[in-house]
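First up is the structure itself, then whatever we jot down about it.
Going by the order they are written in, the chains are A, B, C and D; count residues from 1 in each one.
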Amino acid sequence: MNQKLPFASDYQEGAHPDILKALADINLTPHAGYGTDEISASAREKIRAACNAPRADVFFLAGGTQTNAVVISACLKPYQGVFAAESGHVSLHEAGAIEHGGHKVMTLPQKDGKLSAETLRKAFATFEQDENKEHMVMPGMVYLSQPTEYGTLYSLSELKEISRLTHAAGALLYVDGARLAYALACPSNDVSLADLAELCDAFYIGGTKCGALFGEAVVFPQPDTVPHFFTIIKQNGALLAKGFVTGLQFDTLFTDGLYERCGQHAIAAAKRIRDALTEKHYTFAIDSPTNQLFLLLDREQEARLTEAVDMSFWERPDEEHVIMRIASSWATKDEDVDALIALL
Amino acid sequence: MNQKLPFASDYQEGAHPDILKALADINLTPHAGYGTDEISASAREKIRAACNAPRADVFFLAGGTQTNAVVISACLKPYQGVFAAESGHVSLHEAGAIEHGGHKVMTLPQKDGKLSAETLRKAFATFEQDENKEHMVMPGMVYLSQPTEYGTLYSLSELKEISRLTHAAGALLYVDGARLAYALACPSNDVSLADLAELCDAFYIGGTKCGALFGEAVVFPQPDTVPHFFTIIKQNGALLAKGFVTGLQFDTLFTDGLYERCGQHAIAAAKRIRDALTEKHYTFAIDSPTNQLFLLLDREQEARLTEAVDMSFWERPDEEHVIMRIASSWATKDEDVDALIALL
Amino acid sequence: MNQKLPFASDYQEGAHPDILKALADINLTPHAGYGTDEISASAREKIRAACNAPRADVFFLAGGTQTNAVVISACLKPYQGVFAAESGHVSLHEAGAIEHGGHKVMTLPQKDGKLSAETLRKAFATFEQDENKEHMVMPGMVYLSQPTEYGTLYSLSELKEISRLTHAAGALLYVDGARLAYALACPSNDVSLADLAELCDAFYIGGTKCGALFGEAVVFPQPDTVPHFFTIIKQNGALLAKGFVTGLQFDTLFTDGLYERCGQHAIAAAKRIRDALTEKHYTFAIDSPTNQLFLLLDREQEARLTEAVDMSFWERPDEEHVIMRIASSWATKDEDVDALIALL
Amino acid sequence: MNQKLPFASDYQEGAHPDILKALADINLTPHAGYGTDEISASAREKIRAACNAPRADVFFLAGGTQTNAVVISACLKPYQGVFAAESGHVSLHEAGAIEHGGHKVMTLPQKDGKLSAETLRKAFATFEQDENKEHMVMPGMVYLSQPTEYGTLYSLSELKEISRLTHAAGALLYVDGARLAYALACPSNDVSLADLAELCDAFYIGGTKCGALFGEAVVFPQPDTVPHFFTIIKQNGALLAKGFVTGLQFDTLFTDGLYERCGQHAIAAAKRIRDALTEKHYTFAIDSPTNQLFLLLDREQEARLTEAVDMSFWERPDEEHVIMRIASSWATKDEDVDALIALL
């Protein structure tokens, strides 16, 4: 077991204790299979309410790569690809899962992990004006992450502009919300679940990194965006027999504001760490307002911190420096934050 | 919540209480991601020991269709297909997941859910003798279920013969053990985990239907049967970030004989029900020794039983009869068995 | 070079001399690429006229397996499969090309190579009434061949009924016309190109076996049945740079009734052979009115004929008999027919 | 019919007249199907001799995108991708055909259409040193074009170094020779067919753009590099029934040096045009020694030339300039070259 201070990632612990308790409560009660049970129905209803999207289709899947792969391939036509930032999770870290499903990830330049509306506008225009476009991959979707892989956030006005031009180009907008709780709880965030439901064609509310044992909730704000999505989930091996286990987790997360509280806990911990780092004149590689902090460390700092703190290696920009990621989560313990700050 | 006696399937409840307890115990301890943690390592070691296969590769996936799809596509070359019984789970009930991965399921006639060695021998010979075989799908794998979808069992001698001729044809043998605990615990079974490891190229030990919340343990008895299977799992969206959650469940199931006990509980319940049915002169559609009983009911029996008992509809062979399935499980309550017997 | 009488198949020779002449005429004239040239446009227009389908989309592909694979995968949704006769070309002889594209071929029993409306009606009903249909492969298309792999023909009334019930089930009807010239020229045929255009969602007019060097003309009677089919062809590697070569062949075949004459030539040759066989009391395995004759030969007949005639082996129903196929074509020489008849 | 001077591309005409003549000669002689005929065997033998690769596997396919898609997917494991220049044909112009086969095209920066050994070395090292490499797409192949899409050439020493480091990384080297005749005939080229056979794991000798009606010859210098490639071709819909038509074209191209002569004709025409352009102080966007010339034209030049000459639009680097491509070919007429030069 790791004895260092655990700040390497936000998926190292199990589930929020309320979820384990809820599981124990219903453990020996029989439920219908494949998510057709009443608990899953309740969870879907609560998510629709939270998103102000009463007609939304909601499905529960097990993990982020699975969700991205199934949603993207289900939404795209065979001749379409998806625009994503070079740094997008689907571009880099998913072992080619999108291409395995037959679709090109068309990477675009990013800044702080974000795609700009201008970059997208140009990319759509380049395709549209290409005389040979029938020989090219048609952009059928824009993939964003909120927060991004660099912990940054799209503002509501940015998202509105991207939504507008994506739809004007006849494409769909999809938002990967693997860490969505940490966006929603961030003081500088102005994008709500209802905004996502209004602006996106599909998005997912991350559970795995935000308080659940596992599980992501896919939301299609407009019903029948993808007909027979249930069968598509099954065909992709992503349908759990005991769907009520995933349903129950989201039912618990969306009861009494638990999802918000999970987010707030991590953001508060990150703020304490960020403030201490600032005070000690550490350098941030990226100005990230959510639960991931990216530190640019010199050799001395690196040696000292990595001895006691479990962080994620990000990049080595030059021989003298390294970028390391510190992540807080719903499970971050106050005493670990104290200990980390004492070390800085 | 279902008020009828719950005999519809063996995946209606959560997990064996020992598993929930183990989860609670480690819930807030940080673990490495993607199954690289120590609990998963321990689970793999215990499974290798139980299979008498010290060099086996062991991987944990989430569900049965996923496991079948990932293992089969990883083992087959693009130009190969898989032989399966017409009644095989991969043939019928997986929404085309195998074909979605690019491979033909080549169905063969079955008897009581089983493929005979003779059927397989002929099928391999037909391919081998076809002058146009380079225009055909090459059989690259034989898919069996133990127990079968009809609750029946391959004997050790049957399995040895199938293994021998499959390997002689240059193909791989794969056994779907979604309900393997219920085969292992069956008095008439003579096939052990070590036998499977000796005779198969791949098999999986079912968790979802045998005591776990979810999860299946894939065993490749020979190491590197499929190079880079980890990446293949990831690419198929089947790699859980919190792999320790699946690892822990199998670690618990393979501690102190829990997997065996889960199987024995269901088999004992099934035996009580089978004996009572026999005594009351009910007709069995299939002679099934494991945890699934297939009853041929007339209209009167159907009306009476379906009012009080939750069973699975199987088939309507004629206007006057129906075949219904009763399934027991690790979670079957003695009082529900008593109540069912009283109704017969 | 084969010295036996050449009746093994209908794709052993090059192209009708008119096609080679037309090729030579335009050989050094520059043309636009990818089928955007004027000759291809003319060919499409002539095919639309022949099919009485003025708004049809027409595309030229290179071969039959390619055409089936591209059309079927383009028409089906990911969760759909295609109904086909057990004897259908897509079921058996295409090396799993349809499954390679991700779709299940759902085989149905056939009689003389044909699917009956009743078989299809039951198959659609079985799916529709299945409580678990969302876990199954949805039938999205019916695949027929005209003539069938056994040389038999669907009548207009049969085709109308199949079309009606396929559309009632929400599926598409697709007809493989690899040997369509030999159906159209058959005296007992009552299905015209215009009938196919009225009853099918897609069909192809075979060139490879009917007078062309290579090439098949796909007809979608309703425009935009498959949006961006051009790009789909490209993506499947099926778009020829010099599309005018395929276009020219069909332009020639559909000028001055050449396609009809190619068919009539083969049918006349087949009739002469069939009449002679009947007179000599040979046994036909199948009553086939088109250019393929299936002979049930005893050992003596087999020995005598195979020494001098190149036929196709079909099947050995028992130790004493063999079924051999004799095929005539647009290229069959009268003197070869004379020689064959003399041998009987 | 286009009345401008035809310099838009090298696939606008039919076939070298020797090929049409050869086709006419054998047109009505029956041949075995699917490339199992004697002419195809002869063509394969001639190609083996030309490549000094007596044990090579040689296959004939119909076009370039098809060849790239089939070869790349056949060579890669499911978890592997292919490195290619950003400007590579597989990256841009094939409608996602490689991704459609399930594999990521991992684009790398290019210079004049070429990948440098240093770029490749770094790209392999980045993968190898990535701690998370099991979550990434493994590079399994390097894709080059000779000549490149920009008409430039790899030197023998460059190719040797790329071959060495590709094999050191455990990957395969594949060369797209769509325009190979125009490399082989180029005075500055020092890479022979035998060099390609020694340094590559697979390459193809382009026919479509180099004198054939259609067709590309895939060469695997080591036998059984891809077992059952014949079946893979079939499964991808790329197997022509009348394989002798493709075989005959390559048999003719590799008889009496026709392939070399086709290349020389185009190179001589390109040289005349290049010299005239240089003399008239035109600006070349790329220094390309083969049959494609890339001109940077100002508005006046553009207006004047495009009125009379059919060229390919390449790019508009700024408002005042355009890059246009002039391509010569085996079919370029001397009088068209004269007329073009007179216009400059």
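Observations on the model:
We adopt the following convention: a residue touches a chain if its C-beta (ideal position, glycine included) is under 8 Å from a C-beta of that chain, and two chains touch if they have at least 3 such contacts.
Keep in mind the model is a prediction, meaning the values are calculated, not measured.
Common neighbours of chain C and chain D, listed by label, are A, B. Chain centre most remote from that of chain A: C (centre = mean of CA atoms). Put simply, the C-alpha centre of chain B and that of chain D have 50 angstrom between them. Our note on geometry: chain B versus chain C, Cα centroid distance of 42 Å, whole angstroms. In chain D, the residues that touch at least two other chains are 78-79, 94-96, 100, 102, 134-136, 231, 234-235.
Listing the residues of chain D that touch chain A in their complex gives 78-79, 81, 92-96, 99-105, 131-132, 134-137, 313. Listed in rising order, the residues of chain D touching chain B in the complex are 34, 73-74, 77-79, 102, 134-136, 138, 227-228, 230-232, 234-235. Residues of chain A that touch chain B in their complex: 1-2, 6, 8-9, 11-15, 17, 20, 23-24, 26-33, 38, 62-70, 94-97, 100, 208-209, 213-214, 231, 234-242, 245, 310, 331, 333.
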